[in-house]
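Next up: some structures, all given as structure tokens.
Below, chain A partners chain B and then partners chain C, in two separate complexes.
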Partner chain A sequence: MKKKLNIKSNILKVKKPLVKKITRNNLEEKVLQQTDELRIREGQLKQGANRERLSANREKLGADREKIAEEQIHIQNKAMEATSDGIFIIDTQRPNFPIVYANPSFFALTGYSKSEIIGKSYFQIYGADRNLRVSQEIEQTLRQGKSFHGEMLNFRKNGKKYWCLLRIAPIRNATGVVTHFVGTKTDTTLMKQRDLEIEEQREELLHVTRVGKLAEFVSSLAHEISQPLTAILSYAQAAQRLLKEKDPQVREILQYIINDDQRAAEVIRRLRSLLKKNKPSFETLDINEVTNDTVTLIMAHITAKNKVIKLDLGSNLPLIQGDRIQLQQVLLNLISNSLEAMEENPASHNLFVKTSLKNDTILVQVKDSGCGIPQENMKKLFAHFFTSKPDGLGMGLSISRSIVEAHDGHLEASNNPKGGATFYFTIPVNRKND
Partner chain B sequence: MSTSNAIVYVVDDDASICKSLSLLLKANGFKVEAFTNAEEFLGFKHPKLQSCLVLDIQLPNINGFALQDLMAQRGIITPIIFITGYGDIPMSVKAMKAGAIDFLPKPFTEKKLLNAITLALSKSKIQNTKEAEVAKIKARIKTLSPRELEVFQFVAQGMMNKNIASKRGTSLQTIKVHRGRVMQKMQAKTVTELIHFAQKVGLIPQIT
Partner chain C sequence: MSVKIFIVDDDESVCRAIKTLLMTYDFDVRTFNSAQSFFDAISPDQPGCLLLDIHMSGPDGWEVQKQIFASGSTRPVIFISAEKKDDATDRALKAGAVGFLQKPVNGQTLVDLINTTSKS
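Up next is the complex of A and B:
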């Protein structure tokens, strides 16, 4: 409306000089001037109409935008309702930090109803989860206007436990003041359970490995000790024999030596009989299954070391007879060795595990791109107590070899032509299923 | 037990064990030869005596079981007592199945060792007697003429004189003469004894 008024005043302004010019009686000029004026007026009128049209357009655009924004909000609301994560909004401008919004998944996850949640202080509700230390930590963080991130054990209204990944982020207004918090709760119970299962299996395997190492260690030690004990016993008994009845006191002393030698021998015998209880239990196995299980156990370790494991598992491989845990132990040992060999060479990433059928045996290869095996170590590689690692016991490979040999197979190693080493073992196929 | 003409071999890679066992066995009146590896033992010229071998299973290069196989291949007949620092049962079963006299986990007492050695030497004596007897029979067979050897084989197979005569196309009298000489040269008192001789040297299959 303002703009229209402006145009009118312009017309009035133009009229005054027109009157002046008529008094000059110059018709031609007058016509020209009028024509000009008309042109200007036409232009001005056109401009005014355009402006009107533009403003109408603008209004329409505004309405469209509002509509789009409404739709967007609608979709966002729908998304909040649909997501399986529990989402909630806390108002920080009120002192008790009440929850002003929570989506259906939040109610489903916590087991509380809408009326038990909305308008209630978030800290009170969290307090109901009975995890005092965590709830205190969350309150402190939020009161400072900071974001919170953590995984924890929570309790539903009915007391049932669940693992939860909780993230709370501040929402700020135009001046940067935190007015609200938005929180996301994700139920991680299943993932956590799987992680725990993997962890448990790995622990079990490590335990078996430790027991195996101990058994092998004691067995080697028993052998090393029984040698001098045999010599001592024989020397003492030979001396007794030579003395005959001559010197009863020396004979008696010799008898003490013999008795104590036999006492030591008895300790060794008892240790040996203890270790014999660790008999392998054989069952029908699919080597690919054993390989996959083992890789699952060590996957986190491989990823943490920034290495990549590539599996090439032969299809339709015949079954084998073997001890699952022991074979896992061998594979785990070979893979960890390879990882350690590759650690010294940061440029090498790939580790290959391959299973295949070769003649009547299953061939399992673990190939790394690490530092390889120095030629002088090749021969001693599988010997007891041989190690190239600063903190190694030198039992891993010797145990692996004895396990493979107990399965009627062979464990060997060789260097790859293009660097790194390959450890490979064979297990005869189960002839029963032919 | 007569030990003066018996020899005990000891093979163990641990020098202390070789030395102590040698002293112990010598103190018990045995001749002892000790070796720290299988190769040395195989290279030794074995006298024709009652003998046995006290053999460690874990040896460098050629282990105890491999030496047992090699001895069988080379005709070195002496009973074996295995000794080992790893006393596990499957190993002892394997050793016994392969014909060992005993399997002693280390350390073992003098008594256990002497018991095993006594058993081994008595077996060795039987083996030696058998071997000597076979050698004696073989020597007597060598004195037979080709014709007499033929008659010996026919008789050993249980053929009657007349059958032999008709098979050979000679007279019964000639066969009787040959047969008499065979009995005399073989020092056989009866036909049964002659058949035993033939069995012992493998001229005819043994009935066991």
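Up next is the complex of A and C:
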């Protein structure tokens, strides 16, 4: 303790003589010197303060930026969680391509829990139900660092099927190396179902049309064959009577002709009863609804042919009594014909379907910009077996006309002044609903 | 005097064959390939039984029968058609016809029906 005290006193001793040495003569000099020092010091201090302030500002800016970036990441995370598409991230730097992130929709879509997905190889998560060919294709694509795009049938964990649109895109680092993949799974089951339903309805209608055509075909054929059979029978019976008791051998031959004629007639009768047309079932219909339904069925076909259909459906049209399927058949037939007429002319795109009210009847017009109808064909257009198509049966328009006539309406055709043809039919309005 | 028969059918061969057959029964037969040619040639009061095809171009059998009935003629009409709908016979009788026969027509059946009309 004593030693320390000594040191302290020594210091004091040193300082004291310095102060004593200051004389009056150099006092001013000293003041000036110190003032300069102070000025320099002040300047230095000011600079230092500025620097500090600047760096403080910088720090604040950095913090703000960080905050914004954090918010952005937060929003992006929230968005990933909120979207109804299944999103997942695959780490490509590990050999088994594990999934390192998947959003809640992904779990909901696949039916697997987080622990069943995260950390597992992407190529293994779909289990035994997966389509081997498709999963192999995906694996090959991803291992090459390429993106994948495809629609496929998938299975949930519980085995339930769902249609899925899968898109997987590579994520690259600064040097361009693929480090991750981001995948999006969209559930397209509802869209697919709707597509399938439309396709089924179209097929059903085409089937009904084909059966209808067959029935009509057989009916016409039966009529055409019955005529000669009638003549043969009458001739044979006449010959038999003329021979009377003479020439029993020829009479016997004639009897065979008569028997076989009647056998042929019986075959036709049976065939006819087999294909007897179902009676149309009439109900109250909105023609615009029938038109829209039919157009929906043939829309894909129209688009595939690179044509455009334009609907001009009259508003507040009265209802009609009709057979929905049969009227759809007529419209489908007219629209298909128009499309075929337009096929030869790639410049013609537009097909118009118009519904309107005309003198107590609903008028439906199908107008095309196709090749039109040659004048010499106009009269035969609706006749059985008349066709201008190389593979046509010549039944479509004749059946359409008989359907429209069964609805107390008329089906006609005319050429448009500026090219193409218009087929139009009328159906009387449902007076009960007036 | 033999009974007069008129056949209206747009199929020429059918006309000729039925005519040939009926002539073996000693009927006096005339054939027409359209309703119009029949109306042009035969007046409503001229007696005779009409064998009428249903499916014809131009006015069909039902239409022709309606015209005959509307004109007040009492001419017996027998429909002959390849197609026989379930209600065809009823419809024929309601329209004032004598009967409905499906092609190919058996000769004896046809003659029996003609004979009942000419007796009544």
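By our rule, the second predicted complex is superposed on the first by the 354 of 434 C-alpha atoms of A that agree within 3 Å, B and C clash if a C-alpha of one lies under 4 Å from a C-alpha of the other, contacts with A are read in each partner's own complex, and residues count from 1 in each chain.
By our rule, a contact is a pair of C-beta atoms (placed from the backbone, for glycine too) under 8 Å apart; a residue touches a chain by one contact, two chains touch by 3 or more.
Keep in mind that this is a model prediction, so the values were computed, not measured.
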*Clash or fit (per the criteria above) of chain B with chain C on chain A*: clash
*Touch check for A:Ala265: first (chain B), second (chain C), both, or neither?*
both
*Is A:Lys246 touching the first partner chain B, the second partner chain C, both, or neither of them?*
neither
*asked:* Per the contact definition in the header, classify A:Leu229: touching chain B only (first), chain C only (second), both, or neither.
replied: both
*Do any residues of chain A touch both chain B and chain C, and if so, which are they?*
219, 222-223, 226-235, 237-238, 241-242, 261-262, 265, 269, 272
*Using the touch rule from the top, collect the residues of chain C that touch chain A in their complex.*
11, 13-14, 16-18, 20-21, 23-25, 55, 80, 82-83, 102-108
*Please name which positions on chain A make contact with chain C in the complex.*
219, 222-223, 226-235, 237-238, 241-242, 261-262, 265, 269, 272
_Considering only the defined contacts, which chain B positions touch chain A in the complex?_
14, 16-17, 19-21, 23-24, 26-28, 58, 83, 85-89, 105-110
*Of all residues in chain A, which touch chain B in the complex?*
219, 222-224, 226-235, 237-238, 241-242, 258, 261-262, 265, 269, 272, 276
